[in-house]
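One chain, chain A, links the two complexes that follow: it is found with chain B in the first and with chain C in the second.
Right, the complex of A and B next:
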């Protein structure tokens, strides 16, 4: 069953190459995927092995093409992938003459992302992500806008190097664990890795995964790439594919918990670089798309903060992991919605320069409403999904904290808690840039560019509405996702089932 | 059927082609190529029929020189497949070959170009079986001398002639090293038989003379496999030689070089019986492999000619394979042995590289150029060809889900298990550089535009060959087991 989630987009891509109608096939495949994904997620809590599959493709060392919903994090990311993939393919406006390339690439990215999150074998987990990267590079280079070649070359080099460093870390991890298998359950059940090796592996993993997630200071590929990329590619990469790095860190964390613990202070400094430094850079952006690109880099800092809280506590922090997962989901949906709508603004007005825009709300009220909703979500307004994630992140920073009044103030806090206090200012920063951009674009007097702009048609609204529903559902009822991660009734987590 | 007849049969095919060329001038040259391919395909069938003689005592003198184990069969098959593909490539290349004949445009005197690779193939097949320094020398010379002619085949083309001279001089030099090394080893151990070498080495009072001899042998082998310090000829010769010869050099000759490297090193790398010699040998190999990886990958970065790029990439791949050789794992329940990893790497390397050379000949036929700039805008001109080249180049770069990944993966795994952290570190730098220069070509195809936007004409041979090799690259990327079965893993 799960294999269909990957095969549907792949087969659709092949069918399009074979001459089927590009848009129809792509929308149909991702739509079917969305339905299938929702059904599987609904059935998963009763049957955690649903649709899993395992084929041994290599004996020495044992590598399996195994798919499965490993735990609630996988379910959440799978849902995120199918929702964003459908929205991205549905909302993209393809330039005439490149339909095949456009839809085939998007489908391959979607298939790679879904495959990575469904893989329960480290090897294919890594491989599917690489599969998704190549079409990403090609799309930015061929069909991007603005300074596309420069941006595409930059993202290619950064991510290729990040992947190589990551691969080195993963191979070392497997070799040090002594397991003769790449399957997650075997790896996680394998004996502990000696501490000196853990430091090295943790460093490689942090740099490798960190580059893929645009952790400061390896982030400078992200904003230009998202600004130049075609909208569906930005949506898929910023929304879904980038989460691969965080997903990998959270998944492999138990194996190198001690190693990562020693890097936490440095990690806190880097993630504050994401939140504060990149936040300031974001305020300074003059174009809507590069502002969104930078904001997406900035928000990665919060998720890293949750990861740092988890790592600092040695894994004891029970809300850090749910916080990270909810925020990954929320950010993926909200940034995809923002990129989709900013693409609409570009088409309606012909520009994304903030100073050339203004008063768009008058001509396009629905667009303004939906964009406003996504912007509010991105800031972290209560009632929308990002709020649930961010509040949990901040709470996780102070989980199990008891003030010791007899100590000097500085010694009352750990690195993560100090980081949390600084990171709170990020909320102010994101409110500043988002509200400014909204005001510049939609409010005030209409300017020539926005005077006769067309509003969203019913069909064009659909992807944004689906994303908005996801934001609202998770925002109003966060348990919809948290129930996957902390199943209320299932006593044993999948981890402990792996011994057999 | 006795295995000795295999090579005899192949030589016979080559002689028949030569006779046809000499005495039936009316025959069209590409038909010669087709005959040759047919003969080799039959040879491939014979390979499966051939069985090692049940009573080797019957022919003791021959059995001493000639091994017929699973490894030998694998490399014989590799040589045959490689030669068949190279002959197909040569048929595709004949228009360019015809430009440099006595009457430009005619195919006069190009018939030997289909016979010579067969002799080289016979030499490579002997190399696959050679287990005595003498038979190694003889087989290796058959290959090398054939290649002197093949490299300089377009003798009216200055580039090809220059390549021929360079190859001749360095080839002769390396032969000198080889003979000198054999003499030293024979002098110290009293035997040229590699199966006796292990116990003789154990009994040596001092390892130094044997190690000196081995160092000389390694120099000669480095010439064959294209490793530092004998790598200097590669870029110029690859660029100047006719493209089918280049493909043959870069795959067939390299593979044959590696099989004899494995056979020669086996007694010297035995860590149990000769720990001291093994330690020294590992150190020498580690230095060679590190330098080869760095030189090949870093020097490839600034290249603008695609053939030169492939030349440096072939040095780089030799470095990665050497990494597996340096690690010298014996294999276990859970890991591959070094010969298996090397064989796997070479088999996937054959598929990817020959595919790329087919694409290169197609591009050369259409644009008349072998520069990377000739690939500009290919994504728009011929999307299918561009897609295939993208897959093949990604595989050469070692991207997961392509055949190229597993080769590197096994090599790195062996090196990590052998604690060769220095080599692994350099190898990762090499892979990172590799991504850069292979992607440069992909960038040219998709992100640049060319003035000429007409589709590239692809000959039927090239279309089927590129298609098959690309699909194989992808299938083996998901499911590498078939090659490992052939290797007996």
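Right, the complex of A and C next:
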């Protein structure tokens, strides 16, 4: 069953190459995927092994093509992938003549991302992600806008660098664990790795995965790449594929918990780099697309904060992992929606330079409403998913705070708590750039570019509306996701593993 | 499940219905919105006489052992507050029917009002801090929507943005405070919090929580958004920026004082403020009251005058809340109640004044400058009468008006145990003089003399739909402090332990005499000075005075903040952007990638410079490397 989620887009890609109508096939495949994904998620809580599959492809060392919904985090990320994949493929406006390349690439990215999140074997986990990266590079290089060659090179070099470091870390991890297998359950059952190796492995994983998630200071590939990439690629990469790094860190965390614990103070500084430093960079952006690209870098800092809270507590923090997962989902949906709608603004007005825009809400009220909803989600308005994730991240920072009156004020806080306090300023920063951009684009008097802009048609609204519903469902009732992560009868693996 | 949930569900349902279905039928949208608020008002009245409800039935988020629940706490305090919120809300909705009659986005306006009613109800009924924060953000959002209702006007769009951002700065501290209080008190649910021990951590936590009130209740130094918020439609100013939302900060702080019940059933919440935090809060309130009153003396826009007077009155309330922890004053644990009591009386008469100004602005064809009005008393008799009653309540005319009773209690709270005068007493007394001064200026210039513009000449009395709310509010501006026997609900007692009928019930009659004497003197001096200075004037005689120039320019605080934003934020952002581009990207990490890039160039030349081929090679190569490494290492 789960294999269909990967096979559908792959087969669709092959069918398109074989001459089937590109858009129709792609939309149909991802639409079917969306329905299938929702059904699987609904059935999963009663049958956690639903649709699992394991094929041994190599016996020494044991590599399996094994797929499964390993835990609630996998379910959530699978849902995120199918939702965003459908929205991305549905909303993209392909330049005439490149339909094949456009839809095949998007389908491959989607298949790779879904495959990575469904893999329960480290080897395929990694390989699927690489599979998704290649069409990403190609799309930016060939169909991007603006400075696309440079952006494509930059993302390729950075992510290759990150992948290689990550690969070294993963191989070291597998050999140090003593388990002659790449399967997650075997690896996690092998328990934590001996002490000295942990520090090195943890460092490699942090830098490797970190680069893939644009952790400061390895972030400068992200904004230019998203700005010049075609909208569906930005949606898929910023929304889904980028979460691969965080997913990997959270998945493998129990094996290197002590190693990562020793890196927490540095990690806190780096994630504050994401939130505060990149946040300030975002304020200074003059174009809507590069503003959105930078904002997505900034928001990764909050998810890392939850990870740092988990690591600092040695895995005992019961809010941190759910917080990170909810925020990964929320951010993925909201940034995809923003990229999709900014693409619409580009088509309606011909520009994304903020100073050339203004008063668009008059001519395009529906676009203004949906963009406003996504913008409000991304700055953490309650009722939309991102708020639920962010408030839980902040709560996780203070989950184990033990005030001691006899100590001076400053010594009452650990690195993560100080980090949380500083990170809260990010709430102000993100409100500043988002509201400025909204004000500049939609409010005020219409300017020539926006005077006769076309509003969204019913069909064009559909992908944004689906994403908006996802934001609202999770925002109004975060338990809809949290119930996957913490089903009462089946505590999620990373938490129970490390409670020692 | 209890019927109390209807209080939240009705306005939400109205908002959702309007947004999804009634955008094209504005008249029906307005009717739905008004109906929902009238129903919630009736429900609030029913609940006011019923038992206390405190239940959490809905788990919003659960992670491990930690849960966030949405729960309602319908106790004495929130029942009283609900009457204010829904009562003022209902009258403002009705007034809006007439005021926004011809607005092209009437449906959007009423949708915004319903979202606001929903959010405000949530704040009032919240039984824990996370839930309060959720609705706290939502009222900020609805305020953003409504201030920016006429978003095509640059000034309105800017004002909406400013309000949101300034509130976010307050919320930054508020959230840190909530997190700290969680650790200190052991819970986020109001009724389950344990009283923390005194210490610097508690002082810091309370002050940080107060930051939230600083933003929402527009206290100095975060007061700058409220006068700008007058860009919104005037009924919005009456509801949100005078009577209810801006009082949320006061309410939140008092909710803390109202909690922490000890074994004997006595509320010990005031002890949270029994340290430097209480003093600082009281002084910030006092400073806000004073600065805002001074600024109000030189404003020309009728709504701005009222906005600054709101700031000033909110300062009074915050001062009283802070004094609750001030053990050196005689009324320590009653001070907070006097602040809440003032919130209650102020809500009615300030809503009255704002709606009255709305009627005037409407009648004068959207003229807001008082110097272009004049002589309106003859043309709009009923409006003038209600406006004068509201002004009398704001000036605290003794014994007749509700404002008098609440302000007396606050003045009393500023006195020491022995009835000695504290510095804050002088501040409060001076504000009590400034208030009648600037309000007399407003009355004399607006209503007396000759019309000074075409709009004022043509002004006619407004219609019944606007007058009815004004008359009801005028009645409440007088009566709200008194217990109305017979309906079974003692509303003032919900806020004040001191029965206003036994006013002056201080053990020491000399103290009572001091407070009364001060109020009388301040009132007569203020009214007298205002009347003689502004009678028959065409322009403001103090306009060119250097000192009053400072008041007129709001102490140049907005200019200062603009500079801080330009330098502290925009310049720093530009510098950081520069460093990010050229140092991190260019030198540090870029250097690393350039060596890889050099390699890439080599490849590129070999492969005739095709990115595609490189990318494919890269992917295939990595898979090969993985395979070989794995194969050989094991």
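As a convention for this text, the second predicted complex is superposed on the first by the 487 of 500 C-alpha atoms of A that agree within 3 Å, B and C clash if a C-alpha of one lies under 4 Å from a C-alpha of the other, contacts with A are read in each partner's own complex, and residues count from 1 in each chain.
We take it that contacts are C-beta pairs under 8 Å (C-beta built on N, C-alpha and C of every residue); 3 or more make two chains touch, one makes a residue touch a chain.
Remember, it's a predicted structure, so these values are computed and weren't measured experimentally.
Chemist: As a test of reading the superposition: which chain, chain B or chain C, is in touch with more residues of chain A?
Modeler: C
Chemist: For A:65, is the partner it touches chain B (first), chain C (second), both, or none of the two (neither)?
Modeler: Only chain B; A:65 stays clear of chain C.
Chemist: After lining up the shared chain so the two structures overlap, which partner does A:486 touch, if you call chain B first and chain C second: first, second, both or neither?
Modeler: Touch partner of A:486: chain C, not chain B.
Chemist: By the touch definition at the top of the document, which applies to A:160: first (chain B), second (chain C), both, or neither?
Modeler: Both partners, chain B and chain C.
Chemist: In the overlay, answer first, second, both or neither for which of chain B and chain C A:171 touches.
Modeler: In the superposed model, A:171 contacts both chain B and chain C.
Chemist: Applying the document's definition of touch, where does A:134 land relative to chain B and chain C: first, second, both, or neither?
Modeler: In the superposition, A:134 touches chain B and chain C alike.
Chemist: Which of the two partners, first being chain B and second being chain C, lies in contact with A:57: first, second, both, or neither?
Modeler: first
Chemist: Contact-wise, after the overlay, does A:152 reach chain B, chain C, both or neither (first, second, both, neither)?
Modeler: Both: A:152 reaches chain B and chain C.
Chemist: Which partner does A:405 contact after superposing on A: first (chain B), second (chain C), both, neither?
Modeler: Touch partner of A:405: chain C, not chain B.
Chemist: So which positions on chain A get touched by both chain B and chain C?
Modeler: 60-61, 123, 126-127, 130-131, 134, 137-138, 141-142, 149, 152-153, 156-157, 160-161, 164, 167, 171, 175, 180
Chemist: Could you please specify the touching residues of chain A with respect to chain C in the complex?
Modeler: Interface residues on chain A, with respect to chain C: 60-61, 63, 123, 126-127, 130-131, 133-134, 137-138, 141-142, 149, 152-154, 156-158, 160-161, 163-164, 167, 171, 175, 180, 217-218, 220, 277-278, 280-281, 283-285, 318-319, 321-323, 359, 361-362, 376, 380-383, 387-388, 391-392, 394-395, 397-399, 401-403, 405, 409, 412, 420-421, 424-425, 427-428, 431-432, 435-436, 439, 442-446, 477-479, 482, 485-486, 495.
Chemist: Which residues of chain A touch chain B in their complex?
Modeler: Within the complex, chain A contacts chain B at residues 57-62, 65, 100-101, 123, 126-128, 130-131, 134, 137-138, 141-142, 148-149, 152-153, 156-157, 160-161, 164-165, 167-168, 171-172, 175, 180.
Chemist: Would you mind writing out the residues of chain C in touch with chain A in their complex?
Modeler: Going through chain C, the ones touching chain A are 59-66, 68, 130, 133-135, 137-138, 141, 148, 151-152, 154, 157-158, 161, 164-165, 168-169, 171-172, 175-176, 179-180, 182-184, 197, 199-201, 204, 569-570, 572-574, 576-577, 580-581, 584-585, 588-590, 592-593, 596-597, 600, 611-612, 614-616, 618-619, 622-623, 625-626, 629-630, 633-634.
Chemist: Going by the contact rule at the top, pick out the chain B residues touching chain A in the complex.
Modeler: 331, 333-336, 379, 383, 390, 394, 399-401, 405-406, 409, 412-413, 416-417, 424, 428, 431-432, 435-436, 439, 442-443, 446-447, 478-481, 484, 489
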